[in-house]
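First chain A sits with chain B, and in the next complex the same chain sits with chain C.
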Partner chain A sequence: MTERRFVYLMLAPAALFLGLLVAYPVGLLVFNSFFTVETITPDVREWVGFENYIDALTSSRIADSAWRTVKYSVFALGFELIFGFCAALLFSAIAEKSRWHRTIFALPLMVPPIVAGLLWRFLLVGQIGILNYGLAAIGLIDDPGDIRWLSDADIVIYSVAFADIWLTTSFVALVAYAGLTNIPRDLIEAARVDGANALKRFWHVTLPLLRPVIAVIIIVRGVDAAKTFDLIWIQTQGGPRNQSEVFSMNIYQRMVRFGDLGEASASATLFLIVMLVLAGIAYWKIWRPSHD
Partner chain B sequence: MTDAGNRDIGKVLINAFALLLVLSYALPYVYLLMTSLKPAADVQQIPPSFFPDRISLENFGEVLGSATLPSAFANSLITAVLTTLLSLVLAVPAAYVAAQYRRRITVLFLLFALVTRMVPAVSLGVPLFQLLKTLGLLDTTTGLVLAHTSTAVPLALLLMAAFFEGVPRELEEAARMDGCTRFQAFVKVVLPVMKSGIAITALFSFIASWNEFLYALLLTSENSKTAPIVIAEYNSVYGLAWGPMTAAAVLYSLPVIIVTLALQKQIIGGLTFGAVKG
Partner chain C sequence: MAEISLNNINKVYGDDFHAIHDLSFDIRDGEFMVFVGPSGCGKSTALRMVAGLETITSGTLTVGGRVVNEVDPKDRDVAMVFQSYALYPHKSVRENIAFPLLMAKVPKPEIDRRVEEAAEILELTAHLDRKPGKLSGGQRQRVAMGRAIVRQPAAFLMDEPLSNLDAKLRVQMRAEIASLQRRLGVTTIYVTHDQVEAMTMGDRVAVMKAGRLQQVDTPQALYNRPDNVFVAAFIGSPSMNLYEAELDGRTLTLGTNSFDIPDAVFEKRPSLAGAQKRPVIVGIRPEHMDDADVRPASAQIRARVTLVEALGAESMVHLAIDAPWVDAGDPDAVGEIGDGKAAVARFSPKSGVAAGDTATVAIEAEELHFFDPETRLSIW
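Entry: the complex of A and B
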């Protein structure tokens, strides 16, 4: 067998599968987005051109859910980066003794998202949420009923992100820790000899060297946060008054509750394009310069 | 006080602080465990207490005796096992040539797998629903396995390609000198040395399927419902039955956590090495 044939034969099963179950559905998605078509009767369809896109781009409910997705992602990612990096720096400060710390810290990584969502809902919910009792006990709030995390429309989109932050800070911490251990010690030593204090060493030496690692975290976690569905669904199902409905949930509702396959497809196509463009920009802007 | 003495105290303080931080991070999950062990009546008491006053397996009894949850667990297990097997069969050979034979097509292929990882599940879920409906596979385990495999294959491809990169090219060449075909060399010589890599990839595929929610919600309704869907439904069907819900959540998540603890070193490596090598 020639090398060429061997390569093709080994690739073929996976390529066929991905073609049928990823590329073809994506094609179908884009195709559907140009029709008025119902979820229960996908055979009955009427060509409407870009109408679904115009509807999607002018709908205030979709715009709101998109804006909410941004708020949710930035909030979650921001805290994950801060907490994750603090934890990673702490682990590297205690170096070889940090094995057990890291093991416990990694636990949430394996907790299924819906369990994390349920758990945080239980911690935050109305009368029985233990978090408010804890806050009241240490005097941060006067009464456990003071903050209605999941039923206050103004803050719910941030409250539902707590579960995300808890669940994935460990990923950020472990990746950042691995990145930190790859930094040559003598570079940091050299900066110390030059008289740079700890903060300056971190800012001018550690951080620039971690650039590719940070890029990976932002791309992977940013994309994940923007895609979030289950974690929020299990906490609020998008409520109260749709104030925690993010973009993927909006698409789901359009397709399942309203049965509008055409419009759901148009939104989903836009979502797909935005995600790919964002990942592309993040890749070019943050990651690549470090390779020059 | 000497400088070294100061540093020692500092170290002890940092260690103690780090331990406190890490333990408080695990606290929410410990609270879930504690709650599941309370008698159902105590679960929603006001004010809530962290530890159970009395330990009771009532909640576990209820969910294990229910009509829906045991079969949902069976569905989850079957779906995850089949997804794992299918994604390995598809991804391992492809990852091997992608890592060992650098050609334009293999590079493009890995890029395609990477892009696939960015696709929002809901974007694929919408047309997958239609595709499975056409094939008559809605609400079947086969249908859900296909959907889960479509996300597991790209993940398995990228992981396995990274593992195969550590295999010297000479391994295959030496086997071929001894009279093996390329395919025999791959199956008989390369695969056996990749056991641990394959095991980790299998575990990741398994967990991806076991934890998956959105496709299961979209593509199943009665017969092939998986555990997360049934747990989520404790919301509506039983009002807010927090007691059984926490017990079900523990049963659903604890096995994965235990396996993770047992294999933590390899898993953390698998989770982070791709990112750091990038």
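Entry: the complex of A and C
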């Protein structure tokens, strides 16, 4: 047996599983998107061509949910990056002594999203939300009922992101910390001797060298945030008046509530394409090796 | 340009690790000073304290008359070249060289002019727009030099800048750096573990061991008048051969050999005169031994030849001398050639000795070094 054949043989089980569990469902999804097909009777299908896609692209509810997904992702990712990098820089500043801090900081990573969602729902919800009592107690708001985090249509999409930020800032911090520890100390010291203050060292040396790390975080966390379902569902189920309904939730509603498997498949296919394009752009724009 | 002065500098890490002990000396304006010593001797730590990258536990450091103990590295007006070069990998050669000027808020046209000028001096003009990753080791080294010289700093600090280069390039860059420094006349501290670099480049050399300054002097003076056993063995290659011996009157007994010491030695080292069965450590440089058949001398010993390395212009002859061998205390010494305990002699290529022979070795007795076995200091 040649080495090449042996390699193929070794790859075969993985390829088989991937084919069975990824390629087949994705293929079926794309296939279904060209038919009118009900979720309860998936074998009865009628060819409609691109009609499902046209519907999806012209639906204002889908467009709104897509826009909300963007707002949610950018908001969550933005704060995760800021908090995560600040934490990583702190860990790095106290170096070896940060072992326990890092461990404790990573604890939210072990919390299931459903639990985190429930937890934040209790913190935020209506009149009984603990957060508002805290804010009232320190005088930032007059009455615990002043901010209706989860029922004010204008802010709900940001409120539900708090749980996401709380849950995954530690992931960003750990990855960023790993990136920071990989930066040769000589480079930072050279910049110090070359006359750069802390801010300039960060801007001219640390940040550019963290580009690959930032790319990983944005791709992994961005895709993750964009497809969030459970965390928001447990807090608001998309309400009030669909104002926290993100794209994945819209697909779910279309398929499960309205039973429209064809249209849901078309939306899901569009979602998949957009995510692939975004990841591709992020990869090319940021993940270019800096040692060129 | 400036004078650098270290006064009783100490460095203590944590509670107990005393890395530098009372380091004191002055580096004159424009001088090329080399810190040399085996690994862990504190030479890099000393340099990093001058740069401001390590805090000074006690003592005062002045640069150009200004006490800089508490001054941030960026405000010390020193430029540093790192062993790893520490080039910014994401910046082009031009941006790397320009970086210190950019930080100093030098106007753009002035930056361009000075970068071009530095590139010209270092023959980097053709590579200005490439990234460091695309350069050879020697070119990277020159970019690191460029980043230092472009600033026109008060002092250059170089931390083993040549040790990542291959041997041939190292010899070439050694000469280039030394001549560049002479041309620019900037006070320079150069750290190395390589005594050849120290000897060839430095105006003066500070030899350090275990955090203590052993001796600071010109290369020739270190070679001719080492203060102690360590400096004697560290300076010179191959190392000085050190043996326990006994001096009685003018007769030196080295194992089963003995010979007379000429008057010149007693004139140079008056405290040796009138010794009675005095134990000494005697030091013989390889170049002061030769085959007695080729170049006879009044002082001769018999020794068994264990190995002959013919180098063409000379032969390194390893000799088993039957006197107790003395360890100079260099942690890096692994016996550069052979088993380390053999004496090494630099014989004329005309010598016909072969391994296994017992040779008669002529010693230039007036060039012998004598040390006190207790204090390990030179006897003068």
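What we mean here is this: the second predicted complex is superposed on the first by the 286 of 292 C-alpha atoms of A that agree within 3 Å, B and C clash if a C-alpha of one lies under 4 Å from a C-alpha of the other, contacts with A are read in each partner's own complex, and residues count from 1 in each chain.
FYI, a residue touches a chain if its C-beta (ideal position, glycine included) is under 8 Å from a C-beta of that chain, and two chains touch if they have at least 3 such contacts.
Since the model is a prediction, treat every value here as computed from it, not as a measurement.
A.B. asks: In the superposed model built on chain A, check whether chain B and chain C fit or clash.
C.D. replies: Superposition check on chain A shows chain B and chain C fit without a clash.
A.B. asks: Should A:N197 be classified as contacting the first partner (chain B), the second (chain C), both, or neither?
C.D. replies: second
A.B. asks: Quick one: chain B or chain C, who's touching more of chain A?
C.D. replies: It is B that touches the greater number of chain A residues.
A.B. asks: Quick one: classify A:V277 as touching chain B (first), chain C (second), both or neither.
C.D. replies: neither
A.B. asks: Between chain B (first) and chain C (second), which, if any, makes contact with A:V7: first, second, both or neither?
C.D. replies: A:V7 contacts chain B only, not chain C.
A.B. asks: If we overlay the two complexes on their shared chain A, which of chain B and chain C does A:I234 touch? Say first, second, both or neither.
C.D. replies: In the superposition, A:I234 contacts chain B only.
A.B. asks: For A:I82 in the superposed arrangement: first (chain B), second (chain C), both or neither?
C.D. replies: The answer is neither, since A:I82 touches no partner chain.
A.B. asks: Does chain B (first) or chain C (second) touch A:L140, or do both, or does neither?
C.D. replies: After superposing on A, A:L140 lies clear of both chain B and chain C.
A.B. asks: From the overlay on chain A, compute the angle at chain A's CA centre subtended by chain B and chain C, rounding to the nearest 10 degrees.
C.D. replies: Once the structures are overlaid on A, chain A sees chain B and chain C at 80 degrees.
A.B. asks: Is A:V213 touching anything from chain B or chain C once the two structures are fitted on A? First, second, both or neither.
C.D. replies: In the superposition, A:V213 contacts chain B only.
A.B. asks: Rounded to whole Å, what minimum CA distance do you find between chain B and chain C in the overlaid structures?
C.D. replies: After superposing on chain A, chain B and chain C come no closer than 6 Å at C-alpha.
A.B. asks: Would you pull the chain B residues touching chain A in the complex into a rising list?
C.D. replies: Touch list, chain B to chain A: 11, 14-15, 17-19, 21-23, 25-26, 28-29, 31-32, 35, 44-48, 50, 89-91, 93-94, 96-98, 101, 103, 105-106, 109, 112-113, 115-131, 133-134, 146-147, 149-150, 153-154, 157, 181-183, 186, 207, 210-211, 213-214, 218, 228, 231-232, 235, 242, 245-246, 249, 252-253, 256-257, 260-261, 264, 267-268, 271-273, 275-276, 278.
A.B. asks: Can you list the residues on chain A that touch chain B in the complex?
C.D. replies: Against chain B, the touching part of chain A is residues 1, 3, 6-11, 13-15, 17-18, 21-22, 24-26, 28-29, 32, 39, 42, 87, 90-91, 93-94, 97-98, 101-115, 118-120, 122-123, 127-130, 133, 144, 166, 169-171, 174-175, 177-179, 182, 212-213, 215-217, 220, 223, 226-227, 229-230, 233-234, 248, 251-252, 255-256, 261, 264-265, 268-269, 271-272, 275-276, 279, 287.
A.B. asks: So in the complex, which bits of chain A are touching chain C?
C.D. replies: My answer: residues 184, 186-187, 189-197, 200, 204-205, 208-209, 211, 290-292.
A.B. asks: Would you pull the chain C residues touching chain A in the complex into a rising list?
C.D. replies: Touch list, chain C to chain A: 51-53, 72-76, 78-80, 82-84, 86, 88-91, 99-100, 103-104, 131, 133-134, 147, 151, 157.
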